[in-house]
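Once you scroll down, you'll see the structures, which are given as structure tokens.
Next come two complexes built around chain A: one with chain B, the other with chain C.
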Partner chain A sequence: MDLNETQVDFVKEIFNTGLGEAAVELSELVEDEVLLSVPQFSLIPSEELTKHVAVGEKDVVTTVTMELIGDMSGNGMLIFPAANSLDLVRTIVEESAGPENLTDLEEEALSEIAGIILNHMVTTFSSFLNINVKTGMPRCHQDTLRRIMQESYFIDGMIMFIGMSFEVKSLNLAGDILFLQNVDTTEKFLSQVVAALEEYDLD
Partner chain B sequence: MPDDAYNSRIIENAFIDSDLGIILINENKQITFVNKWMESTSLCSGDDLLGKTLAEAFDGQLSPRLIRAVDSAIDNGRNSVLSQKLNKSPFPLYKGDGERQLGQKLQQLIYVKTISDAYDNNYCMVEIFDVTEAVRREKSLIELGEKSRLAAEQLSIEEAKMRAILNSAKDCIITLDENGIIQTLNEYTETVFQCKKEQLYDKSMATILSPDMPAGLSRFTDMSGLLEYTSKLSEAVELKAVRCVDEVIDIDLTVSRIRTEEENSYVAIIRDITERKKAEARLHYLAKYDPLTGLANRALFHERLEHAIQVAKRENQIFPVLFLDIDRFKNLNDTLGHDTGDAILKVVSRRIKGSLREVDTVCRMGGDEFVIIIETIHSVNEVSRIAEKIIENISKPIRIEHNELFVTVSIGIAIYPDDGDDYTAIFKNADLAMYEAKDEGRNNFQFFSQAMNERIQRRMSMESDLRKAIAENQFVLYYQPQVDINKRCINSCEALIRWIHPDKGNIPPFEFIPLAEESGLIWDIGKYVVEQACRFVSEITGRGWHDFVMAINISPRQFQHPDFMSFITAACEKYNISTANIELEITEGLLMDNTEHSVTMLRRLSDAGFKISIDDFGTGYSSLAYLRKFPLDTLKIDRSFVIDLPENPDAIAVSRAIIGLAHSLRLHVVAEGVETQEQMDFLSVEGCEYIQGYLVSKPIPSSDFMAWLEAYACDAIGSE
Partner chain C sequence: MKILIVDDSTFIQKQIRKIVLAKYPDSEIVLAGNTNAARETFADNEFDFITIDYNMPGENGGVLLGDAIMRYPHAKIALLTANKQAAIREKVEKTGASFIPKPDFRDDLIQFLEP
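Let's look at the complex of A and B:
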């Protein structure tokens, strides 16, 4: 099932709203302005992820994964090139130096940030689509993209791929937000989108 | 089977005793449980907290973020992380009283989780982790990281410095592993070997060394052996290397071994000594070869001759040494210039080499002297043929810048071992033989002989005696009267030198004058003669014989001396005598040799008032035309004609002719060597005016001569 342009715009709008709210909370948390936006949205088979991200299969990436439970089960994920995640965390917590990899505490900080973003997005689309979704704990993980893609939740699924730009304290970097579900769940999500849009139109 | 209540109690106990802080909040956002850890760190009892909201329980000290996360968990089922880094100690929790007083809250990581009960009500569990220790660890980790970063930075500065030093070095500095594989190299290595670093990395050092190893190193088949060996040497080894462009260069190689715990390695320092080697080779060449002709020089000749002597001695062989000198080279050089002189030397060198076999040695000893060592000959005839061939080849015309020149050489030959069995003897004797060839009229070769040697020895010893004679004034002048046949009186004499040798007694002039001529000593002797003669003339004229004439023999060398004219006039002035009192006797040969100069010179002497006579007339080959050109006063008939008078028809004919010739040229005639009355009578009849000889008197000392004058002077004033 494909979405038409209007429907895609609608989905983007939902995610933008979620990001907007996440940005407000993050700004408050880091006591600085944080801007988040969605420049792109697409629906792709999970094995095609490499075509859409800016890193190679052998590159190390940092992911924060959060389980989704309820009407739209699956996993939400933020994915950054490793260097970007390091930059992001250290810029936000204002640490100028440190080891080459994220420390445990830094991973928790990144988990918190990603958790805020994912939670707001889930909250927003649950509310728009009138569905009930709970979230699990955000978990941070670093590995090569290839190894990440070998995780079970990646296999045979669909990805709602949301490119995201993240601006804070003169740092501007890109990361991607993925929602990984099985095909059925995806179909269900899309039907919900179509239904919700019709409902809004009726209104 | 334990019942559910039992299980619940166990689980509750587990939560109570957990080392995390645990807070449970119900759907009404009231605290329903806190564990022991929470109680002890918050210093509140569970009873104070239960039933209250978080905000109430902690007196509004909690961050909105925390409150919102809890709300979100209960309202929307959202789980949250509150990281230590982004949330500064959300709960007022302390490790103990001391920390509370100091305001040192626990560093916390908080998980806010949704828990659903059986009725699908969302509870919230807040888990609080004490990460104080983790924070401290991270802080020290970062500090440590910073320190090591600074250390690494310092190290890289040091390394950069070291690299700069290495790269500014004007030697190749290469590090190698223990197998001789190149690990690093400095920039100068790239310059010397003309290639990029990358071309040499991981290659064996064997790739840059020439397989052509010096003797001591050729036994090493691999680099590790070679490196280990050279690292133990105290000095650099010289060997050849190959550039990446396949050019061979000379290098000095110094190797140091570096031992660390992990590995053995080497540092090789390579210095490009190609230029130095070239300069050395050049120096060696210059030390051994003549740069003009490319022939061996005196030093190399010495080596070769010594070597030839050794070989000949061992093999019982003979070999000749040829000493070759270009005839009249000085004249060629003076008249044609040094460039032409050099060109001639080159041609002559080539022709000499061309006349010999490859194995023979030709050396230029300096100037126009060459020496040749002929390897292994079988007969003296063979040597003659070689010398003839050289003479013939050299005598062919030489074309230099449109001029055709003819050059001849004189060659002296000495043969080992007969003519000398060591360097000095054989070389000297070849030289002597060469002088003999010169004496024999040049353009020929002479073998050294013992007679020649003796003659030369005599001559040399006489030459040294002659020098001594000049210094010690062993000469005296004798005077032989010349008688006017018609008037039967004396008005002139010939001054004749006598050498009174302290050991050998009276040595006649014909024995030493030629040697004095050859050696140049004639000038000093001639000066003595002129001085003495003039002084004696002044004595005679002082006695009143004003027209007296003193005949003095002048040798060609004297005559050609640039100072002769000024010297003889000065002598006359010094003794206050007239130039007309002096008659200069010269030989026919002198007239022949250098006519233009002779004419001018004789003209000047004659104009100055000196009388000129030709001595030994008739023995040379005077052109009659010359006689007319020269301003002469007297011809002296040679004693060899006079001695055969009056019987020998030839002598008669010659004497008559000379007298006739002299008269027709208005010259006086003096006959020398007159010993008999008959001779005098004949000469008188023929019209000869003066005689000189034993008939009248032998040469006598000045005092005796003065007595003669007093008795027989034509002008009788002296006797008055």
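Let's look at the complex of A and C:
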């Protein structure tokens, strides 16, 4: 199913709205403004995913993934460059985090961030599209994005790619946000988009 | 009544246009998809109302907001955005412009469109 310009913009606006809702909570948590990108939306071959995010082929990244459960299946994923998350950990998890327990605390902190963002986005698109979707527990991985995708979330063929990014400058924190669905789920999602947009009765 | 709508989303442009035309059926509406396109309209137009999105490709709408206020001191100008962080809202309110949050902006926009 191909979407026209307004339908594509509707999808982008749904995710833009969800990220905006998440940014309110996130900015209160980190006590700083969260800079947001404009959403991208496209159908791409799964092997081209790494070309659409700002990480190199050999870069080790930390991902936090939450499964989508309900009327729409798939995965929401945050990709964090494997950079220094110590400031983030100190801000939202524990003031006295030391190097010996940083890995666990870092996963906890990044999972917290991912949970805020993905849950707001899922709540928002469920509301826009009149569907019922929940999120599973966050799962953390650290590897190259290609290996994580191959070993944990391999989706063959064409996938729906919805990508955004956010940044908190004071914490040196940035991440890419992806929603990945396979072809069957994508068709259902796009049908919901068309139906929901018709209710707006726009020219 | 002449209105400039600055938003990269045709979905939002159409929503705003529908609300504006319901209130002012004879209004003239100018659309711009980014801040550069909006500035190009500044040379030849006098606007009564301007709505500006914040998150757009390229420059964000916050910079344009300041320019629009300087260019149109007598117009009613609003930042109409899904980015509802307190820092952004406070910056907008300091300028004297209106802040209209998406996605349920119909009632706020109708109120903003009062002369």
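What we mean here is this: the second predicted complex is superposed on the first by the 163 of 203 C-alpha atoms of A that agree within 3 Å, B and C clash if a C-alpha of one lies under 4 Å from a C-alpha of the other, contacts with A are read in each partner's own complex, and residues count from 1 in each chain.
The working rule: a residue touches a chain if its C-beta (ideal position, glycine included) is under 8 Å from a C-beta of that chain, and two chains touch if they have at least 3 such contacts.
Remember, it's a predicted structure, so these values are computed and weren't measured experimentally.
Q: After the overlay on chain A, what do you see for chain B versus chain C, clash or fit?
A: They fit side by side.
Q: For A:Val30, is the partner it touches chain B (first), chain C (second), both, or none of the two (neither)?
A: first
Q: Which partner does A:Gly56 reach: the first (chain B), the second (chain C), both, or neither?
A: neither
Q: Let me test your reading of the model: by the given contact rule, A:Pro45 touches which partner, first (chain B), second (chain C), both or neither?
A: After superposition on chain A, A:Pro45 lies in contact with neither partner.
Q: Taking CA centres, what is the chain B/chain A/chain C angle in steps of 10 degrees?
A: 100
Q: After superposing on the shared chain, does chain C or chain B touch more chain A residues?
A: Looking at chain A, the partner in contact with more of its residues is B.
Q: Let me test your reading of the model: by the given contact rule, A:Ser111 touches which partner, first (chain B), second (chain C), both or neither?
A: A:Ser111: touches chain B, not chain C.
Q: State the minimum pairwise Cα distance, in Å, between chain B and chain C in the overlaid complexes.
A: Across the overlay, chain B reaches chain C at a minimum of 16 Å between C-alpha atoms.
Q: Share the list of chain A residues that count as touching for chain B in one structure and for chain C in the other.
A: Touching chain B in the first complex and chain C in the second, residues 28 of chain A appear in both lists.
Q: Within the complex, which stretch of chain C touches chain A?
A: 8-12, 14-15, 17-18, 55-57, 81-88, 102-103
Q: Chain C touches which residues of chain A in the complex?
A: Per the touch definition, chain A meets chain C at residues 5-6, 9-10, 12-13, 16-17, 19-21, 23-24, 27-28, 32-34, 36-38, 128, 197, 200-203.
Q: Going by the contact rule at the top, pick out the chain B residues touching chain A in the complex.
A: So the residues of chain B in touch with chain A come to 64-65, 68, 72, 76-87, 109, 111, 113-114, 131, 134-135, 138, 141-142, 145-146, 149.
Q: Quick check on the complex: what are the chain A residues that touch chain B?
A: 25, 28-30, 66, 69-70, 89, 92-93, 95, 97-99, 103-106, 108-109, 111-113, 115-116, 119, 122-123, 126, 132-138
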